[in-house]
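The next part holds the structures, each set out as structure tokens.
You will see subunit A twice below: alongside subunit B first, and alongside subunit C after that.
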Partner chain A sequence: MATLLRERTAAAVPLAADPALWRRINRRTWLLLAAGALWLLGFAFLHGTATLSLPAAELTDLHRILNHFNAWIADNRDGNPVFVYLLTPLRSAVGWVAGFFMAIFAASPSGQLIPVMGWLGTVAVLTWIAFAVGNVRVALLTAAVFTFFGFQGLFVDAAYTFALVVTAVLLTLVAGIPLGVLAGISNRVQKVLTPVLDFMQTMPTFVYLAPLALIFLIGPASAVIATVIYAAPPVIRLTAHGIRSIPENTREASDSLGTTGWQRLRTLQLPMARRTIVMGINQSTMAALSMVTIAALIAAPGLGQVVVVALQSLDVGTAVNSGLAIVLMAIVLDRVTTAASQRAEPGAAKSRRLSGRTRLIVLGATLVLALGVVQLSRTILWAAVFPQNLNIGPAIGDGVNAASGWLQANLYFLTHSFREAVTVGILNPFQSLLTDTPFYLLSAVIILVAYAIGHWKLAAVTALSLAVIISLGLWNDAMVTLASTLLATIMVMLLGIVFGVAMGRSSRLDQAMRPMLDAGQTMPAFVYLVPFLGLFGATRFTAIVAAIIYAAPVAIKIIADGVAGISPTVVEAAVSSGSTPWQVISKVQLPMARKTLALAANQGLMYVLAMVVIGALVGAGGLGYDVVAGFVQSSVFGKGLAAGLAIVFLGILLDRITQAAAATPVRRQVPVRKQVASKI
Partner chain B sequence: MNSPVISVRNLWKVFGPGGEKVPGDPKLSQSSPADLLGRAGCVAAVRNMNFDVAKGEVFVVMGLSGSGKSTLIRCLTRLIEPTAGQVLVDGRDVLQAAPAELRELRRRKMSMVFQHFGLLPHRTVLDNVSYGLQIRGTAKKERHAASREIIELVGLKGYEQHYPDQLSGGMQQRVGLGRALAGDPDTILFDEPFSALDPLIRRDMQAEVIRLHKEMGKTMVFVTHDLSEALKLGDRILIMRDGEMVQMGSGDELVGSPADSYIADFVSEVPRADVLTLKWITRPVDAATPADAPVLAAGTLIRDAIPLVTDSSCPVLVAEPGGAVLGQIDRDSILSVIHGGVSHGAGSHGIAAQLPDGGSHASPSEEAVA
Partner chain C sequence: MARTAGLLNRSLPAAAAAVGALMLLTGCGAATVNQGVAAGPAKTDCGTINVALNAWVGYTADAAVFDYVAKNKLGCTVVEKNLNEQISWQGFASGQVDVIMENWGHEDLAKQYITDQKVAVDAGSTGNVGHIGWYVPPWMAAKYPDITDGANLNKYADLFKTSESAGKGQVLDGDPAFVTNDEALVKNLNLDYKVVFSGSEAALIQSFRTAEANKTPLLGYFYDPQWFLSEVPLVKVNLPAWTPGCDADPEKVACDYPVYNLNKVISKKLSDSGSPAAKLITAFKWTNADQNSVAKAIQGGMKPADAAKVWVDAHPEAVNAWLK
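After this line comes the complex of A and B, so read on.
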């Protein structure tokens, strides 16, 4: 961590023009150097002592208490009023909605009955919906993709996933849009809500699951609740943002005509914020898909389940087949909601080819057709259940397995030696630097760094977070996770700077790369693991590579926007005074984008942390392993819960330190972060 | 002047923490803007403003940016909440009005036209113009019919189904104007409505406002930073600086007798012959002037008198509307005004010095040039 932060302050030094600033940065550099020296000296003389390492199967007293807590909840589920009157009814209500959609698209929860609509009916109805909210193109895409699920032999799994996503998105919108409107209208609500949403988005997806499973049991209901918690922030934020970004003069003009608050909302704020709200729905939908797949860990049915089972048995072929289905589903959801947001563009009606009435007639006719197909799918077998003889899923799986085997056998030299070189040369030494330093010394170093960056307040938050991690008994595992996270983040920042600066300087490159990055960002975290598992096998290294690829798009985009956002006049002035391109980059663009770099590091870290934790599924150790083990074995449930908490505090620690680095030396709020953070 | 539609009394708007204490505190309310900012951390955008607007009048508020004129006009309908004072509209104090009464005032009595138009991008021209009517609950058919008439009146017939972003700036402002007119208010407030437009379009729109004023006779309060616009439109002009009124009067009073050097500087670029009337340059009748010399009304603009005076072989007499002769003018007095208008500064001071009692005195041309 110290290395990362030291680099950033070094970049800030050229900015320091006035002496007071110079002195402060100087002092900070001294503090950071002192922290580094302390750490290295401590490691040299004391390494291996007080490492607080805890073998995987061993528990602390706290973990046992948490295990008891689990049992206590199980015993009191039927008696405690909080459960009887609040949590259990909530669970049944959510479960009922989820069951309703699953019964329509997939099957009843017991799996006995045939769904209300056969596969052909589902395809027809979804295609019609895509046409109604979007356009013909996305409708055709929907039809093609959902039919392809059938060929993959995954139609029922895909239907489960889809049903859960629909349930979660509906509930998210019912709760999220009114909250967002309130936050957009009232400063007080905004003030209360912002830190809550910040916190919800700092937490890696993974850590919601265990506490929710504890309270709501495993199954579709708690999967949907976890998904709603995870997917709500984007739509709340974007709704509020859409309402707040209505130009002051338009609002004033409306007020000058004597609108009431309700009239203002109905005629001005909601219509003008409509496009932003639909963008929020898009982001929430993508987040929901991501979470629904991960919720396979708490027994949510669907494609995620297939991936998890395949990952656990290292069956790359099946994982790829199912991962492909998740990717395709993500593409369909993204395209359809994006098309809907374009339709919601103010004044989009004027450029439409069909007049309102013609469109209504077409919609009505196609709806009748779709309903006809639904009826067909309820009566004829081949339209109800996808024909088995068209299933090419196993063939895909076998093909991928063969290819993966061939790659691992023939590229063994490349992949294996690369993996080993990085693991032995960089990963192991760095990890041991973190894990083998005595905990008190490393804690002191980290607190010192926090003090250097953000003064006593940040140091206090840091100390508190470290104290929690230590008292949870998971210091050593946390350091393993931290080592992978920091290494991956450094790589993400390198990629981010190289590609971000290139994109910021060339709009053509930006246009070429941006669609890819956007697509990369819409994919659920889960599926990133699959291809690298095929290449590198199940190791820590695989998780790190997946985390780098997962987090790079967000960092690249932030840096590209920051570099492109630098006033062209300044760049022009630098060029006209005879700077070489390299001088323009190093003397003008990077220093001026310093804040953006810190912001990218912050976001990159959060994405990497989320992924490194999930990487436990393919062999990464640390806190993520504890969490996964907690799901699987009830004997270490308490430890998994504690590990989830430790991840939260590790996330808070990293988030606060990088945010403080982004905020100094000019202390200013960074509102950009919220918009960026909501794009997950 | 008939009874005022709007009376503003001791109006204050102070921005900043604790601003509500400033008007009541004699020490703070007297201090200069820099002092006020230093001592209380406040900015007084409107300071102790008093004026009346008569029915059917075009009342112009003029000042440079930051002088508080936009704040002042927003205080009239409480789009910005005033700190202290009174705004009487038809005798009722707007500052005391409950929310419902204030809405009623905004819906029926005072409409506003904005600098940046403030149109709703998701509504057609027709729906933008009928927005105010919709807000007050007029049925769709009725409000569309009324709005179509207004759209024709502001010259946008044929554009009813267009969206604002398909129109030029001038046309967008016509929509804004139409929206303000659609509710048939007594008073229309204009906040620098044409300063975002090209000069040529601006001229058209000014002519449009003059035409509408003639046709409909609405009271208008017009904020601008453009002196020529103020002189062109305003029956009376109020000049603001740092939130305070510096001078209020008709256009020729401002140009003819500026209250201080600030106003004098302001009006120094104005072509004086286009603004001043003959009464500003008459001299006592010379004994040599023949009794049958041509006669011009005192209210004639100097520019319009040029052909007659230069063609006449003798000085021209200037008479009041009643027929009483005020004095005479000749070629020299006209040339000195034109000359003074070109070499500005000195001339205006010369005239100002001569006009302590309303400008009926003659001003020797030599002095005006000096």
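After this line comes the complex of A and C, so read on.
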């Protein structure tokens, strides 16, 4: 209790006693109020003027110039040295690696449908690898899930997907870890790389998929490269982060022994950053898997194809069956890489039950067993091709179709009126506030808000981003997108706080919720869009719901971790001083998890933004629609490219503002802390 | 800290050993199941044909029948690739697509790849006739008989209001890949409507399905032949009839869509190769009824290849005429 009090007062005093800080907070409130007043006045008097709206089929001169990009690639592919000496060999190399893994797991190179390793061999080898890098539990999970793919009637498709994900992750690591190390030891590299990584993560894949298919041709090689572009940033960032967070004095101690840069890297930095690097591998693997359906659009084989083809005939059941396989594969890859990262923990070796030598013997014996099974799967048909009569995929599909039909038939009027209420009551007025206010006025308001939160530097970044969006000719579409994005983010945060706090307070609930959250994050949105269309129609609301499903799990997980991470003594103190559970949540746990809340808001926003393009497939309109149209119509390709850039800059703007808001103290916090302190 | 035998150090040799052992097995020449399968049908001079599969079931029906005949009567190796229209045309340039089975207009792409780059060739009509237009669910045509005349649309605009259409009637558009003049039509015909972009064909079909099931109003872009019309027979709304040249300027269009004679497009490479498949694709011709019968079977859950076999077995003269 005594230590607790000391902590508390130590934390509260500088906040309350620093008059400069108070002034700044006050000034900020005034600036924000002024911005709000300016906005409302502008909306009231200048409503509908200077909205910069551009009908869907119309282009600006810039869009027409960008239209030539595709034609330029087509013209230069054969002659330009960059293509001949760099891109074409790169394609062949990537294609070779992808072909190698596909041949092993999914199909032999002669074009037959039987892979080098049959299904049983694949299961055996993967189980052994899971055991070698992880533990017995994840090995059993691997065996169970990969066998289940067979029962789903999807083993070959799953094997294709697995082969492509493995290829993409390997290439990601080959390129990503050295880059991450460089960014970790050099500030200059870090500075150059950060905006590039932001760009890679926020640029919608649909924008570069068509040019990519032109450069690297249709098929697995392009799909792998598109996947690498999206999946590389997490491992680069986390590798750099891991190296940077090694304590300064540890490094100095090593330097004082006279180590060279290379020695330091090999003996100190890489080993100490190992756990963070493996976490990066985990994140990149998940990102790679989330590209499966999109890669199917340029003819990459696998589970994504099944989803895309099933949806052409609105066959929800088949799509869900395949989506389930993707989710399960994601769970396996997540658990195995997580187990690997725990094994990589510096102190983990001591607590192991098996000694190093026993473990080696066990590994050797099981490897021999696995190879025996592989040989079996190469010689006996039932072990090579999963028996057709064990296929329960159609049964799963029929069940899902029946359930989704029932939902659509019986819930429609309920969901319909709910949608109408939200759209007419909240979304339409809010969107009108954004789209009908003159662009110069709204820009000024946003820049003022940025200045209030983060001063000149943030205001400058904001002004630049807005200027780019305006000059791309897509201001109005950007505001349509912004309205839905902000509304979805608010819903994500509400869900995040409710479920995150509940999960943070109860580890049992946490365990029960995790698989569902994983499913929400990895189930391809294509799969649940059709039933949602049945329930909510082709509207912006449907797009918002889809975005919430994808983004809420992240926010919930972050908040749950934050709440669970609060020192238990603090909570106990509050409870013993007679606080009700509600008071504990609102006065202790939420305020103390404030940083986590801000992080959750930031990540929730980014994830919602990642769904802008998918949302456009169900009626979201705005920038997402421009991107989708640009992907499928060469005459509006330039507009799609411009819309992609606009999404990137919208993302940068929102990211920087929320990060700055997270970094500065919030006014509300001061009285809250005082209250808790006085109670104790 | 000196213990650097990390995760990678430990698992890499292990993985390498696994891969090495695997390669040993692959090379050891034991009789494997693969070798039995590899002896498939004898190869002929037809070679490999890459067929683009676009996203609608009518197209799938065309492709299924062509693929079945090419495989089984000519001994070709057929590779099917699921692609959208734009990417399919790109494939002509990169040599990765040989056949597009059902092309709807796309004059810009035809100009780029047939006229300018000369990598593709028009392979003639499929015999199918395509209609694009505005459609309403059947219950509306029954309840409001005069709605099928486009001149009456403004009278019903209130009916089609939604939360998305900003106080006007809603015209729902589908996949952005499809040919559309709808925004210009609304403007030039002075309709009190707003075009709302659903963004995908799945969204459009699902919307019509819900509208018919719940008897809610819906006006939307649709086209025939399409499998969904055999589930819900949508009724076309007639706009001012198409006359040659009335849609020349996309900004000033004030007439209905033309009737599309759907055609096949093949790569220049295939066309020049003298492969029997090139002759087959050029001769391929059937009716909307033929296509619908195959498309319906596929829609009903049959595999495309099986549905194609049923049709081919039932129409030997038609197939023989293609092969002559």
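Definition applied: the second predicted complex is superposed on the first by the 392 of 680 C-alpha atoms of A that agree within 3 Å, B and C clash if a C-alpha of one lies under 4 Å from a C-alpha of the other, contacts with A are read in each partner's own complex, and residues count from 1 in each chain.
Please note the rule applied: a contact is a pair of C-beta atoms (placed from the backbone, for glycine too) under 8 Å apart; a residue touches a chain by one contact, two chains touch by 3 or more.
Predicted, not measured: the structure shown is a model, and the values here were computed from it.
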Request  = Determine, under the contact definition given at the top, whether A:Leu257 touches first (subunit B), second (subunit C), both, or neither.
outcome  = first
Task = Figure out whether A:Val632 sits in contact with subunit B (first) or subunit C (second), or with both, or with neither.
result = second
Inquiry  = Comparing subunit B against subunit C, which has contacts with more of the residues in subunit A?
reply    = C
Request  = Could you say whether A:Asn249 touches subunit B, subunit C, both of them, or neither, answering first, second, both or neither?
outcome  = first
Task = Classify the contacts of A:Leu268 with the two partner chains as first (subunit B alone), second (subunit C alone), both, or neither.
result = both
Inquiry  = Need the overlap of the two footprints on subunit A, from subunit B and from subunit C, as residue ranges.
reply    = 267-268, 271-272, 274
Request  = Could you please specify the touching residues of subunit A with respect to subunit B in the complex?
outcome  = 247, 249-250, 252-260, 263, 267-268, 271-272, 274, 346-347, 350
Note = Contacts from subunit C onto subunit A in the complex sit at residues 1-4, 6-7, 10-11, 14-15, 17-18, 21-22, 25-26, 30-34, 37-38, 40, 55-57, 60, 77, 81-87, 89-91, 93-94, 96-97, 108-109, 112, 117, 162-164, 172, 175-177, 180, 183-184, 195-207, 209-210, 213-214, 227, 250, 298-299
Remark   = Per the touch rule, the subunit A residues reaching subunit C in their complex are 55-57, 71, 74, 77, 104, 108, 110-114, 116-118, 125, 128-129, 132-133, 210, 213-214, 217-219, 266-268, 270-272, 274, 278, 296-299, 305, 308-309, 311-314, 340, 343-344, 349, 363, 367, 370-371, 374-375, 378-381, 384-385, 408-409, 412-413, 419-420, 423-424, 427-428, 529-530, 533-534, 537-541, 616-621, 624-625, 628-629, 631-636
Task = Report the residues of subunit B in contact with subunit A in the complex, numbered from low to high.
result = 74, 77, 79, 102-108, 111-112, 114-123, 131-132, 134-136, 163, 165-166, 176, 179, 183, 189
